[in-house]
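For reference, chains read A, B and C in written order, and residue numbers begin at 1 within each chain.
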Amino acid sequence: MKMVKIAISAALLALAATAAQAESTLRIGLAEDPDILDPTLARTYVGRIVFASICDKLFDIDEHLNVVPQLALSHETSSDGKTVTIKLRPNVTFQDDEKFDAAAAKFSLERHMTMTGSFRKPELAAVDHVDVVDPLTIKIVLKHPYAPLIAQLTDRSGMMVSPKAAKAEGDKFGLHPVCAGPYKFVERVPQDRIVVEKYAGYWNAKNVFIDKIIYLPIVDATVRLANLKSGGLDLIERVLATDIKAVRADKNLRLATALELGYQGMDINVGKGEESKGPLGRSAKVREALNLAIDRKALTQVVFNGEFVPGDQWVSPQHPYYQKKFPVPERNVAKAKALMKEAGITGRVPVDFMVPSGAETQAVAEVIQAMAAEVGIDMKIRVTEFATSLKKAEAGEYQAYLLAWSGRTDPDGNLYSFHKCKAPLNYTGYCNPDVDKLLDESRIPSDPKARMAIYEKVTQKLLTDHPILYLYHRRILIAHTARLTGYKQMPDGLVRVIGLKLK
Amino acid sequence: MTDTALDVPLAVEAAVESPTARAWRRLMRRKAAIFGLFVIALFIVVALLAPLIVPYDPIRQSWSAVRRAPSWAHIFGTDDVGRDVFSRVIYGSRASLFAGVISVGIALSVGVPLGLLAGYRGGFIDALLSRITDAMLACPFIILAIALAAFLGPSLGNAMIAIGITTTPIFIRLTRGQVMSVKVEEYIEAARAVGNPRWRIAIVHILPNILPALLVQATLSIAAAIIAEAALSYLGLGQQPPYPSWGSMLNAAQRFLTSAPWMAVWPGLAIFLSVLSFNLVGDGLRDALDPRER
Amino acid sequence: MLKYIGKRLLQLIPTLFFVSVLIFSLQHLMPGDPATVMAGEEQDPVAIEQIRKQYHLDQPIVVQYVYWVKGVVSGDLGESMRNKEAVLPLILQKLPVTMQLAAMAIVIALTIGISAGVISAVKKNTVWDYAANVFALWGISTPNFWLGIMLIFLFSVQLGWLPTSGYVPLRENWQASLASTIMPAFVLGNAIAAILMRHTRSAMLQVLESDYVRTARAKGLLERRIIIKHALRNALTPVITLGALEFGTLLSGAVLTEQIFTIPGFGKLIVDSVFNRDYAVVQGVVLVTATIFIILNLLADVAYHLVNPRLRATL
């Protein structure tokens, strides 16, 4: 009884406090309008930014990519690697005040695994079934050992949805998502705004200080920045690298950065249809020549004011899984020309270079074109609208394709599907049984050192065959007003809202 | 006109100039039109002689001089990958003027006859043509552009065709509306009463009366076409990088409006000047061809 | 007159049918599979196949069209594949925004365009004429994004008079709503004003030189009366045609301006949906804009007859 009294008076006090100081609202400018807000059906990077405030995951990552607990407290993998036992956090409720327990976790995982149109299926493909051990423990039984599992659970596959709401709404759940995150969904006007407000029953509510968050998709980067300057927004994502100087010079603004998990690269058609039969597709030497022709430092300097980081692998040089034995190559025109000669090339090599629409990618393509021309490779730029380019890439109607990957926490997400024979993202048509075997092996050990050893062999092969030329890694650039404190950028680019305060 | 010339007594014939010559003389009387002609001529000369004029290769990048403000070395500054903006504006005139003039030419040569037909004949043909025009106008430009880009493949010529096709309905509508208001005038009734054939009435009597509106629209459409070319090159149908057009230069400049404003100013100014000139010449022509004026 | 309008309204049905077939086939001619595009980075063949099935994309195009028409007849325009929103509410949500912006833009365009056109025709070959022309042509050759961003920097960032971007509905607060749309409306109206100005000027000149204006002058009528009562009235035909056309274009073509000012209207919706191959949304929006557009053209035709007394007899 006394407890209740205290709770009521505390609530009243809190009410009085909010009445006294106006409700605080954080306005976040997004670069695009997110797709559906259902963790099972969602696909976009920008959607993940919004999920960061409404849907907590079983695990999260810290700035060094270590897995840290969120809705789960711990995980333990059996010695044969085929079962993973996860302890859940007690006293957690969903935003409809339903209880989060082992049954709910099992429901969410199974929803990801079985729902029609679920994009989480490949991420959880290794899962055979999920058992409820006790109300706060689940056991995930795998078909075969699968090291990236826990990393998958730090992303959308680890997001827990309220079983009651999910059952009631079916595939429309994304129109009113109910999860176990710090903010609950209020409303969405497509292409205009998404509004969420603080959920009082959140397990970590004492670290949530802002009452309301409004996400506003503002496509034009210059306008996003203007909004931040005029006070219309408090935080914006994807600041242009070329605008950073202006942000740093403004004493009312702060910049938060981290190196991305993904990469920017160039797919080369090495095995898909007729287009792969040119000198570039046929000869690894010509590809190496192109690789050496590109001055990555100059490229990032020219197009991105040197803010982005040159790279040569599917993870950045700062990533724990980066293979230091294979450093980013320096430009070497003489060697490249020699390689061309070795490959038996006499004339100039024309390359059909497919470039998705976009001012920045176009500038990158133009610089690459100029660099390649010096070693005798004529990259013929063909600007292609993105949807068309995907189709053409799938059909092998290109010779080189400038493509970005937003990146996943586990390196497997940047690698496997791109190089495994006939895998969905393998646009290059690369097919190497040795690599396939190594890729499968790399998924087994949970010990990072053992995986590193396998990856070293993979790197050796891929950096010889060059189906993808890795170019650079973007810096995630977030700018916010000085009024906002407590913001820290993680490498996955998401905007985490715990601990944020508005002065 | 030739009919009347025959009736003129021989003695006076020397004093009567041909309609073309008279139009030219009248055009030359207008300072604004002369200015317009001069600028257009200048642009054409510049486009033709571009290789001789430009101080730099327009696609040559200089990575140590990226986004430099105008200076003596680069009088219009440099762009985002260190190319000379002046040289690119000069070379860009080729693609942009071409895109503007040819696509409007296509639209005029298809749209005006169809509009005349619809407006003058009326009835079923009018209904049919009007429905088709409505449907085309109601179809968003971008869908047509992407579908055409996929079909025709990327090239400047195809971009002109695409812009021409999408501009045509405007000329059909405009011509039709003008014809409808002109065809009830007394002199048309009169011409019909004397037994002139329909096509003759349409060409000899109606066309000159709707010409001013067409000239105005055509000169305006050139501006729209130059800007549309940029949108198409973005979708893969127009001029492909690294080759410049004014529109695509503006596209690239969008990210740097605050940090490198000169990237937008010069191609923008070039578009403005050429559009202004076409319009001034259009005005001059209008006056010069007006039969009621001396 | 009423009979004429009735007949024209009946024609709406075949036109809309034609438009829908045109859009439907053009959309399917665009390369790119909606399911693939939607999947984006998550290219999972199983999920993609399921989506294809769910939205009948595995059926022949004619069957897909029949599915769509069936839906339309029963008042269901389908749902967005991208975010599962039903298309009809989506359109109803954006229609007022688009209409408000287009109406404001066209009012601005008509005000500037007609008055500048009349002045420059009456004061032909004077400084007034040249100034009006330069202003108008500057308007048409300035890219919308440039003018838009400049306005934002001037009025929002520097002066702080107007909100940078975002839309406030009229119902919520009409002053704030006008403040949020005045800059984009000006950007759009400015470009159209140029077109209307040039046509007004040309048509005015034509009428001013015509016989009956000369007669009116000879009769000693006041110049101002001649200009307004006789000349302008007759000069309005092309302005009406183009006004209706441009209003139609504004409904779906204000993409860049909507994007710069973050106005959630049709333009942005169509372009995003085209890029995402969100077929149902494109179909739905085009159906609505086409209907409005065709009705506008009908009104334009009726207006010809009203301003031109001699045409009235032909109805």
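Just so we're on the same page, a contact is a pair of C-beta atoms (placed from the backbone, for glycine too) under 8 Å apart; a residue touches a chain by one contact, two chains touch by 3 or more.
All figures in this text were calculated on a predicted structure; none of them were measured in a lab.
Visitor: Quick one: most central chain, C-alpha centroids?
Guide: Most central by this criterion: C.
Visitor: Can you name the chain that lies farthest from subunit C, using the mean of each chain's Cα atoms as its centre?
Guide: A
Visitor: As a quick test, compute the distance in whole Å between the mean CA positions of subunit B and subunit C.
Guide: 22
Visitor: How many Å are there between the centre of subunit A and the centre of subunit B, using C-alpha atoms for each centre?
Guide: Using C-alpha averages as centres, the distance is 47 Å.
Visitor: Distance between subunit A and subunit C based on Cα centroids, please, to the nearest Å.
Guide: 38
Visitor: Quick check: what residues of subunit B touch more than one other chain, meaning two or more?
Guide: Subunit B, residues with two or more chain partners: 146, 150, 254, 257-258.
Visitor: Among all residues of subunit C, which ones touch two or more of the remaining chains?
Guide: In subunit C, residues 30-31, 145, 149, 153 touch at least two other chains, as defined above.
Visitor: Give the residues of subunit A that touch two or more other chains, as numbers and ranges in rising order.
Guide: Answer for subunit A, listing residues that touch two or more other chains: 220, 222, 385, 388.
Visitor: Which subunit B residues qualify as touching subunit C in the complex?
Guide: By the definition above, subunit B touches subunit C via 30, 32, 127, 131-132, 134-144, 146-147, 150-151, 170, 173-174, 177-178, 180-181, 184-185, 209, 212-213, 215-217, 219-220, 223-224, 227, 250, 254, 257-258, 264, 268, 271-272, 275-276, 279-280, 283, 286, 290, 292-293.
Visitor: Spell out the part of subunit A that touches subunit B in their complex, as residue ranges.
Guide: Residue positions touching the partner: 220-222, 240, 242-243, 245-246, 298, 301-303, 355, 357, 359-360, 362-363, 365-367, 369-370, 380-385, 388.
Visitor: Per the contact definition, I'd like the list of subunit B residues that touch subunit A in the complex.
Guide: Those in contact with subunit A are residues 59, 61, 63, 66-67, 80-82, 146, 149-150, 154, 233-236, 240-242, 251-252, 254-259.
Visitor: Quick check on the complex: what are the subunit C residues that touch subunit A?
Guide: Its residues touching subunit A are 30-33, 36-47, 50-51, 54, 80, 82-85, 90, 93, 145, 149, 152-153, 156-157, 160, 163-167, 259-262, 264, 268-269, 272, 275-277.
Visitor: Taking the complex as given, what residues does subunit C use to touch subunit B?
Guide: 11, 14-15, 18-19, 22-23, 26-27, 29-31, 125, 130, 133-134, 137-138, 140-143, 145-146, 149-150, 153, 194-195, 198-199, 201-203, 205-206, 209-210, 237-238, 240-242, 245, 248-249, 252-253, 255, 270-271, 274, 282, 286, 289-290, 293-294, 297, 300, 304, 308, 310-311, 313-314
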